[in-house]
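Structures follow.
Two complexes follow with chain A in common, the first pairing it with chain B and the second with chain C.
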Partner chain A sequence: MDPSVVEFLAEDQMVNIVPSFSCDRVFLICGEVGPFRAGLPVKVPIWLALNLRQRQKCRVLPPDWMNVEQLLQAKEEESQSRFFNKMPSEHYMVEGRLLLGIAAEDIPQADEIRTILKDIWDIRMSKLRSSIDAFIKTGGTHAKLDHLTDMEINSIRPLLPHALDEMFSLQRVVRTHIFLYISNIFLSRNNSSALLLHYFIIST
Partner chain B sequence: MEEFGDAISSEEETVTAQKVLKTLKDIWLNERNCPELLQHQTDVVDCMLDQIHQMEDNLCKLKKNDFRVVIHRQELDRIRYIIADYLRVRINKIEQYAIHILEQEGKRSPEDAVLSPAELKFAREFVANMESHFTLVALRHMPSNFQHFDKDKLTIAPNISSHVFLRAKRNITGVVIEGDSENRDEEVDLDENSQHIMQYKPIAEYVKSGAVQLI
Partner chain C sequence: MEKDVTCEMDRQNKKRNCVGKNDAETDQEEEKELVGSLVVKKLPSEGCTGKNEDPLVLRTQQLFHTLLSSDCELGVVWIPGHVGIRGNEAADAAAKDGATNGTLVYWRESMAGRSLTPHYFSLEDIFATQERVPCKFILPVPRLGFLDPSSESDDIVVGTSAELPFWLARAISSRRRNIVTIDIPKIYKEAYREILKADACVVDLHKFGLFFYQFGAYISRLNHRDSAAIGAILVQTFKERFRQVMDWAHNSGTDPAISQRLDSLERSLFREGHQTQAQLDAWLSQGPERITAAQMVVNHKKRKLADLEHL
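Take a look at the complex of A and B:
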């Protein structure tokens, strides 16, 4: 998938804004938003928040987790732990990028937050790379990916599934060759037992 | 104001529209990440298109400079993108696996058809056009014993043992993964909301029943 598709999905997440206009409820297909009262916070999807912000019709309130203290703590925990921690948001990186990109003035300490988010991303990506390396070396067929966000999964999509596909088909070739080899030995000795073995292999 | 009253009277409908949108999103992601063609969801797509048309009619009644128009338009564009991309992904798969899909489709009863009627027509025409094109451009200039159009040699089947990312929507026990080189089979349990990477084949049934979401 293209990263823009993941971004598209993340844009459906909700965020609080403070509108600078008043309007009744709006009935969208994805649910109703509003009513908008100037100065009162209201929850809207990110795509709508970005649209309104670009037209200077609102101020974006940063999500609860988007502050330096919480993120520093998350970063600390992430670097301490061998496993992946649960992130405060399913789409922390995309949300951070979108909101900080368009509404940086609305979010206190935007530059620090941006740096910490990038740090967390880097820590997690290097963990991900080393665990994939270990996973492939042990010849695993299945892995649990709990607490990985969509964007992180998407970043390994071009590589990991295809590597596993290739390994699987190589193993299949190896397996059939071993069977053929064994059945050839039998064939040279005894025709009927080879046929039996062959039948056994095919039926299993 | 008209739109306001309209929505109140049919509050139930707005709730379902929301659900339909959620379903549409799920089937879109499944189709995008699934190696084989999944069953067609014409009902969901048609229902969503109806919603879009209704909304567009309502929008025409609003004043041009109404601020709500822009919001609604953007939402409609987003939904239209999902529908278009969903259908495009399906068409891509149909073109790639046309012969294989038609062959499989012939063995199914009309109730569990994978292709929608329009897609079926498209697939048939696609294969027919391909055949006549090959015949016209190359095959008829060949020696007579090579002129036969061999469909079997052109068949591409999706690789259903390819690996996919998935999220379990409920607890599933005892998914059997085909063994490694020592030929041992492995059994895994999927907990609700856990994420995994594994072969598509063992979980194909769960994708179709909706117990598993591909991501």
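Take a look at the complex of A and C:
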């Protein structure tokens, strides 16, 4: 998946805006938004909020989690823990990038928030890389990683599954070979049991 | 007696594998049908139907009856032709596809389309089986002396050593047709395995072989006492080098020297990881975008009210 596809999915998250115009309810395929009353906060999808903001028709209210204190705490917890912590938003990176990119003036301490988000992203990515490495080295067959966001999963997507596929097919060769080797030992000693074993291998 | 034979033949005819014992008493009609159906099966392209007007079928029948009247034991055996042979089926399907859809068969596997067993036309698999293995002839082979460039004679004598492509060596070293014995190529021998065991990450795998893993998997499938050890070293090498491949894919620039140290499998993984990372980087550095109206919506002319009134 392209990162822009993940961005598209994340744009459906809701955000509060204060419109500077009045308009009735608008009916859209994804649901209805509004009614807009100038000066009264209203909840809209991010994509609409950003479009209105670009046309100077509203002011964006930052999401609850987008403040320095809460993000600093999240960063602290993330660096302390060996595992992945739950992020305040499922698309923290995309939301942060979109809102801070277009509506930076509406968000207090935008530059600091941007830095902290980047820090959290880097910590989590390095954790992800080292856990993949440990997973491959130990030859595990399954792993459980909680609280990974879509963008993070997407960053390793074609590489990791394909590497696991290749590893599986290499391991399968070894396993089949051991079976056949055993059956050959039997073949040299006892014909009937070797045949039985052969059928067993073929049928399984 | 008569009935028994007929039934038996009928049943075996259905099994397409007829071995019928005859003693001239058998019903003539039944025999005709049997021969007819056998010939039809063998020659579907000649346009034969159940009725026997084809001169070839008639001639076969004639021969059959001559044989029947002579006092001998007669067996009828169905020979399967090329049906069910994997390569032939694949080639048939490809030819049919080309004839009906006009598509050229060209199978380049992307990692995404890669299955656990390689496709018959997979170029990578073809190249991997083209690698040469040292072989020793244990039977004399007449008229193939040219395979051994150092010999002058027309024939290959017992004990000749030659490097044959793996696909050929595998076919002529099977239990049924044991003409050569295969030796393990040197890159999979103990000395090289020790190098990989010591530290797989510093090795230039590309120099070991372009298809180190795929070819190695074929080698480890051979019936050799080192086979299991080779299989194990392949898996271990892959595991140890994966971190490096992933790091290079995520962090390297466009240094061509790096991907030159990987074998083809690692290289395709590297290329994928690199592409994903490039997309992610592009996304991270991209500026804000603006939603615009689609060109179709802009160009769509509104109907005038006057036009609507006419409707």
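To be clear about the criterion, the second predicted complex is superposed on the first by the 204 of 204 C-alpha atoms of A that agree within 3 Å, B and C clash if a C-alpha of one lies under 4 Å from a C-alpha of the other, contacts with A are read in each partner's own complex, and residues count from 1 in each chain.
Methods note: a contact is a pair of C-beta atoms (placed from the backbone, for glycine too) under 8 Å apart; a residue touches a chain by one contact, two chains touch by 3 or more.
The shown structure was predicted, so the numbers you read here are calculated from the model rather than taken from an experiment.
In this superposed model built on chain A, chain B and chain C take up the same space, so to speak, and clash. Of the two partner chains placed by the overlay, neither chain B nor chain C lies in contact with A:V15.
In the superposition on chain A, contact is made by A:V174 with both chain B and chain C. Using the contact criterion defined above for the overlaid structures, shared-chain residue A:S4 touches chain C, although it does not reach chain B. Once chain A of one complex is fitted onto chain A of the other, the partner contacts of A:A74 are absent, as it touches neither chain B nor chain C. Look at A:H142: by the touch rule set out above, it reaches chain B but stays clear of chain C.
In the superposition on chain A, A:I113 makes contact with neither chain B nor chain C. When the shared chain is aligned, chain C comes close enough to touch A:R129, but chain B does not. When the shared chain is aligned, no partner comes close enough to touch A:L61: not chain B, not chain C.
Of the two partner chains, chain B is the only one touched by A:L28; chain C is not. When the two complexes are superposed via chain A, 93-101 is the only one of 21-29, 93-101, 165-173 or 219-227 in chain C with C-alpha atoms clashing against chain B.
Comparing the two interfaces of chain A, the one with chain B and the one with chain C have residues 47, 51, 139, 157, 165, 168, 171, 174 in common. On the side of chain B, the complex with chain A involves touching residues 3-4, 7, 14, 17-18, 21, 25, 32-33, 51-52, 55, 67-68, 70-72, 74-76, 78-79, 81, 159, 161-165, 177-178, 180-181, 183, 186, 188, 194-199, 215.
Residues of chain A touching chain B in their complex: 1, 5, 8-9, 11, 21, 23-32, 47-48, 51, 57, 139, 141-146, 148, 150, 153, 157, 160-161, 164-165, 168, 171, 174-175.
Within the complex formed with chain A, the residues of chain C that make contact are 111-112, 114, 116, 213, 217, 220-221, 223, 227-228, 231-232, 234-235, 238-240, 242-243, 246-247, 249-250, 265, 269, 272-273, 276-277, 279-280, 282-284, 287-288, 290-291. The part of chain A that touches chain C in the complex is made up of residues 2-4, 7, 47, 50-51, 54, 97-98, 101-102, 129, 132-133, 136-137, 139, 154-159, 162-163, 165-174, 176-178, 180-181, 184.
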